[in-house]
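After this come two complexes, each holding chain A, first together with chain B and then together with chain C.
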Partner chain A sequence: MRGALRPGARAGLVGGAVLVYLALVGMLVKFEELRLVGSQVTRGRLLLVLPPFAASFFAVRPRVIGGRVEQPGPGVALALGAVAGALVGAVGSVGLALVEAIGVERIRPVFVAVSPALVETLTFGRGAAAGAAILVVGGAALGAAGGIWRAIRHGLRRPVEVGLLTVVTLAMLQRIVPFMLDELRLERDWLYSRATRGLTWTGAVVVLVVATAAAAYVLDRRERRALAPAAEGRPEVRGWRRTALVTIAVVLAAALPQLAGSIVSEIMGTVGVFLLLALGLNIVTGYAGMLHLGFSAFFLIGAYAVALLTGANLVTAFGLVAPRFSADLNFYLALVLVVAIGAAVGALVAAPVLRLRGDYLAIVTLAFAQIAVILATSSWLQPITGGPQGLRDVTKAPLLGLEFRSAERFYYLVLAFCVLAVFVSWRLAWSRVGRAWNAMREDEQVADAMGVPTGRYKMLGFAIGGAIGALGGALFAVKVGTVQPGSFEIIQSITVLAVVILGGLGSVPGVVLGALVLLALPGLLSQLEEFRFLIYGAVLVAIMILRPQGLIPNVRRMRELREEERTQDAWQQIFAARQEREAAEEAAEAAP
Partner chain B sequence: MSRLLEVSGVVKRFGGLAALDGLELHVEEGEIVSVIGPNGAGKSTLFNVVTGLYPPDEGDVRFDGRSIVGLRPHQITKLGIARTFQTVHLFANMTVLENAMVGQHCRTRSGVFGAIVRPPSTRREEERIREVARRSLAFFGPRLAGYRQEQPAFVLSYANRRRLEIARALATEPRLILLDEPTAGMNPRETLEMRDHIVRMRDELGLTVVVIEHDMRVVKGVSDRVIACDYGRVIAQGTYEAVAHDPQVIEAYLGRRAVG
Partner chain C sequence: MSEEATTVRRLGRVERLPTRRIVLTALSLGVGAAVAYGSYRTLTLPAGARYSGSAWRDFLVLGIAQGAVYALIALGYTLVYGILRMINFAHGEVFMAGAFGSFFFADAWKESGFLDRRPLLAVLLLVLIAMAVSVTVAVLLERIAYRPLRGAPRLVPLITAIGASLFLQNTFRGLFGAQTRGYPKPRVLEGTWSILGIPVQRVQVIVLVVAGVALIALTLVVARTKTGKAMRAAAQDQEIASLMGIDVDRVIVTTFVVGGMLAGIAGVLFALTFGNISYFMGFAPGITAFTAAVLGGIGSIAGAAVGGLIIGVLQSVGPALLLTGIHVPSPFQLKDVVTFLILILVLLFRPGGILGTGEAEKV
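Showing the complex of A and B:
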């Protein structure tokens, strides 16, 4: 019995640690301010509920024992979950007891977030002893609920989860969605309360029901299609449905500034710039399988190139001066050159590292990014790049008398190029070139032996990725109006890589979603900015464990999974059928 | 008949060990040649040198009268030598059809512009690639047909993986195909089937075939000529019967009989 409860204990301790951590970084208190549904459900309370629930959810996960997948029954699930949840509460209580024993005022200089407000939140305002009891009992109850939840059949559970997630997302988007509804002149008071600003209970229930039903329908259809043998034919021509979806997405994206106002346009403009970078990196790393840790270098190159080609100025002690080398081209003409420069630099960088693979290549690319920043900052290139101060007065990208610096206009500019880059990525994926990259990613040596000139295709991957990345950099320069080396630190490369990995390596819709989740959400959901990198880290770790293929996997990876599920469900039948058939064939062969 | 492949005096050393030690052999056009020999005799190394994966330390490899030493593997494939591997190396996450389509890479041209703009010429070429890939999969009859072509390669059974690897090699439209233990891991029925396929490669597709094989029923059934190697050298060659009874070959396989 003790052995059986061990997963619960382990998950509970981890969950408790997470709870303490969330409290110590200040998320619990900070999140308390935001009301999600009615005045009862706040974001802080949601965050408090999550660790015990999640801990038991993990504790009860199916295990492979002796080659068979064992899903704990409801009784075991209940017990395991309760243990896990209670432990989370217990760890929290121990933390509380420590705080009480030492005194809030003495801890505060070290852990700024430990405040009377935090104690108040964790004890529900009822004093330490009662608070601890509530934590443990409540934890156990939540844990039991989590365990039972996990034991429910996947087909029933998943739609409700989608529904709940929709409710939470809508509630979190309370600054944006009501504004959009107002713009559309739609009635909103049933959904969002004007008093709490969050969802009303009626609204939440309606959204939950609708989203659950929709998810159930979609998931059921998808399951059925997955069980049917895959239709023969090109995956690319799976028909008008995809075209329709893409059209709707583009129309929605185009209508966004009108609907959501300039704050959202501002955020989405930045997201668009990073989406371009991510699409470029997706070609290098997702399609061709070369890990690139320094993609921000192309960002930098694009930004500086466009600044220098369109007549930006240097900041010096004597005021603004033209750089040593510069041109005053039309922005769109310059953009063609920038793309060409990005491609050329990409290919040039690739040339010496063609023989490197995997980790070694990654290290070289990391160095490449550092070199780019150091060069841009150096006093040697100061007359051109402006050193640490950089360049000012970057073009506003005038076209037919319109300028694109304002948030809404810039959004359209970047949207147009994003659509173009998505189109290019998608066409490349389903082409001879894309196949060659894929083969190279799967097995470089074999691809070579099968007639793919791998060296050339590596350079091609870097060149096209670099071109798209430089385009992103150029637009970034237009958006900000200045170019400074400080904007292109390593963290940008990491962010872009995180977007691609989160979305799904090699999957264009995945990369778009990844950019929205990782870049747009923290901006749109209030107060998340402060915890941005904390959340990045947590999301990446979670994705690596739970869904290593990304949110929307590449079609190929998707097939992989689908097959896995199918074989898991039916492998015994398949195996038995095959044995039977082979026995029959042997018999037939032996007969004459 | 002309000499399609000529390997003369090839030496390949790995550290102190000479995997190929002055190997001499040739293959006539339209021939099926089996290469046999105990483990470590240098058979796979021979294939790796011929296909450009390893550069030889000494000697020359001529294909259709032209030296191919120093060419990259993809260039050699384009000249018309295709191969399979001893341990199956497929593009596991690509579909069966896509695997075969990669084989057509060296026979087609369209690049980035074609991929993005998709002019009629690219569409036609893509159709052709698909067509050739389908045809090479069809070489194995129903084994790789229908819904299987849209499945990822890694779900295939072991025997089908071997078949797909051969189909991928056939899709490069080669003149010479090198098969490295095509029946390894197959059951007796599949092995016999493969034996017939090897003969069909020559008879129906007009290929020249060099096959490394351990299963003597296959060797006996397909070979115009058998070449036996040991320690990186040819120790005997000729008809199956002659080689099978050659004392040096017997010794290589069974060891020297104790004198006395």
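Showing the complex of A and C:
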């Protein structure tokens, strides 16, 4: 029996550690204020509920024992889950007791997040003893719920999970969705409360039911289609459906500023800029398979180039001064030059290091990007780049008398270029070049042996990626109106990398989704900004371990995986048939 | 036969077009000329604008001291790379963790006067605390982020390491706050000691002594103990090592422990030398130390030490020597450019490093 409970104990301790971490790093308190459903469910409480639930969910996971998958029965699941959840609460209580014993004021100089508000959150405002009891008992209850939840059949569980996720998402988007409903003149008071700003209980229940039903329908259909024999030739994506999806996406994207107002347009403008960068990186890293850690360099080059080519000014102690080298070109002419510069720099940087192995190549790109930032900041190049203060008065990209500085207009500008970049990426993927990259990514030596000039294609990848990245930089400069080296630190490279990795290397829809999740969400969800990079780091680690193919995997890779599965299935069928035959023969022999 | 041979020779000549070699030679000549010109101009500046001999000596000593710190960090990269063939990008954060962990004790002891009353004991304890913190972080890192990825394609652990680095930085930011903090120094260590008639900053003497002891201890452990033997075996061939009865997983953990210990020591020494710590302090020394490891020949312990010293000296002497003469304002802003250029040049010309095999393994 003790041995049987061990997974629960382990998961409970890990969950407890996670709970303590969330508390100490400051998330619990910071997230407390946002009300999601009614006035009872806040984001902080949701975060508090997650560790025991998740711990027991993991503790009760099916295990492979002796070559067979074993799912614990409901009773065991309940016990295991309760143990795990209670342990999470117990670890939390021990933490609370420590805080009480030492005193909040004495801990605070070291752990800055430990505050009376944190203690208040963890004890539910009822004092230490009662708080600890609530944590343990509540943890056990949540854990038991998590365990039972895991024991429920997958087909039943999944739709409800989708439903819950929809409710939470809608509740989190409380700054935008009600606004959109108002714009559309739809009644919204049944869904979003005006007092708490979050969902009302009625609204939440309706959304849950509708989303669950829809998910159940879709998942059921998908499963049935997946079970259909491959011989019937199920198409990957049907033509008309893809067209419809793309049309809907384009219409939505075009109507967004009208529907959602300028805050959302502003955020989506940033998303667009980073989407361009991510599409560029996707070509280098996703298509051609070369990890680029210094993509912010193209961002920087694009921004500075467009600023210098269109007559931006330096900020100095003596007021605004023209930089030592500058031109006063039309923005769109300059943009052509910027793209060319980006491509040239990409290829030139790549040329000498192409022979390096993947991880060394990555570090060299990082080194180049750091050099670019340091040079842009330095006093040496101050007469050109403006040093730390940078350049001001970047062009507003006038086109036929229209200026693109306001959030809504800039959104359309960046949307146009994003559509263009998506189109280019998509066409490239299935072109001869794309196939060459694909071959190179899968196995460079084999590609070489098959006659793919890998060096040339690598340089081409860097050049195209650099061009798109520089385009993103140029648009960023237009958006902000100033160019400062601080905007192009290495962290931007890692942000872009996280976008591409989360979405799925080499998958254009994945990259779009990744940009929306990683860049739009922190902007839309208040208070997430502070933990943005923490979450990016966690996302990079978690994705690489749990789902290296990303959220929306590259179609071609997916197909390869499926092929493998099918072959495996075929082998299994043959194997099973042979076993049956042998068993029959044995039986025949045994019978006299 | 002869006809065939000529064809083969011709084909060979066509394939080995020396463009790359020409470009590299031109590049190396250009770099050499720039270095020579810059140094010449700096050394022939008019007497008033020139650095004095003692200034150069101070640069050199500072360079050696910070080089020793880089060497300690570089060893962490080199050891892990030797066994796992991965760049542990988050090692800079392991170093930062040590400095941060010991800071709170140093601060409290400064307040209570312990740091000034028993400086030797206090610094020793700080080093031990920093080692403990760094080792904890390094082992957790290995267990949570890297172990699930054994045998994954090479770029996967690198991306994970980058994520872990970002995660650790922001964890420390969340836990302990974003501000830069002053790291207290025992009063005894202010000022200079005269060594062989040369005045040397006292902190730098301590740094050199501690780093030297750590390096010697590490060399002995790797060369003389059974654990060290197991580490060397695993570095050569994990599979064969495991067949010989070596628990490779344990050796890997040991490697992270050793790397973490050295990083912890480096953290305290760095904090004592520069007097400031922040959650972001691991990045630049981390990259610099990685450069040192590559320069010395990644995977080689002596290489990491040599590379660290060279990079340290080049960082402190290089900008002044090369850039003052050609009138670049504030040359020390560009010291990291020196590091990164060295990294790029080493990878171009001798990817195996100074003490490496000369030929980097390909693909």
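The definition used in the following text is that the second predicted complex is superposed on the first by the 536 of 592 C-alpha atoms of A that agree within 3 Å, B and C clash if a C-alpha of one lies under 4 Å from a C-alpha of the other, contacts with A are read in each partner's own complex, and residues count from 1 in each chain.
Rule of thumb we're sticking to: contacts are C-beta pairs under 8 Å (C-beta built on N, C-alpha and C of every residue); 3 or more make two chains touch, one makes a residue touch a chain.
Keep in mind the model is a prediction, meaning the values are calculated, not measured.
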Which superposed partner A:102 touches (first chain B, second chain C, both, neither): neither
First, second, both or neither for A:450, with chain B first and chain C second: first
Which superposed partner A:255 touches (first chain B, second chain C, both, neither): neither
Which superposed partner A:360 touches (first chain B, second chain C, both, neither): second
First (chain B), second (chain C), both or neither touched by A:291: second
Which superposed partner A:24 touches (first chain B, second chain C, both, neither): second
Which of chain B and chain C A:416 touches, first, second, both or neither: neither
Per-residue contact with chain A, leading partner among chain C and chain B: C
First, second, both or neither for A:352, with chain B first and chain C second: second
Intersection of the chain A residues that touch chain B with those that touch chain C: 445
Complex contacts: residues of chain A adjacent to chain C: 21, 24-27, 110-113, 291, 293, 351-353, 355-360, 362-364, 366-368, 370-371, 374-375, 377-380, 382, 444-445, 490-491, 494, 497-498, 501, 531, 533-534, 536-541, 544-545, 548
Parts of chain C lying in touch with chain A, wherever the complex brings them together: 20, 23-24, 27, 86-87, 104, 144-145, 148-149, 152, 154-160, 162-171, 173-177, 283, 287, 290, 294, 323, 328-330, 333-334, 336-337, 340-341, 343-344, 347-348, 351, 360-363
Touching residues (chain side chain B, partner chain A) in the complex: 51-53, 72-75, 77-78, 82-83, 85, 89-95, 98, 101-103, 105-108, 110-112, 114-116, 118, 122, 125-126, 129, 146-147, 149-152, 154-155, 168-169, 172, 189
Chain A - residues contacting chain B, complex: 229-233, 423-424, 427-428, 431-436, 438-439, 442-443, 445-455, 460, 464, 556-557, 559-560, 563, 567, 585-586, 589
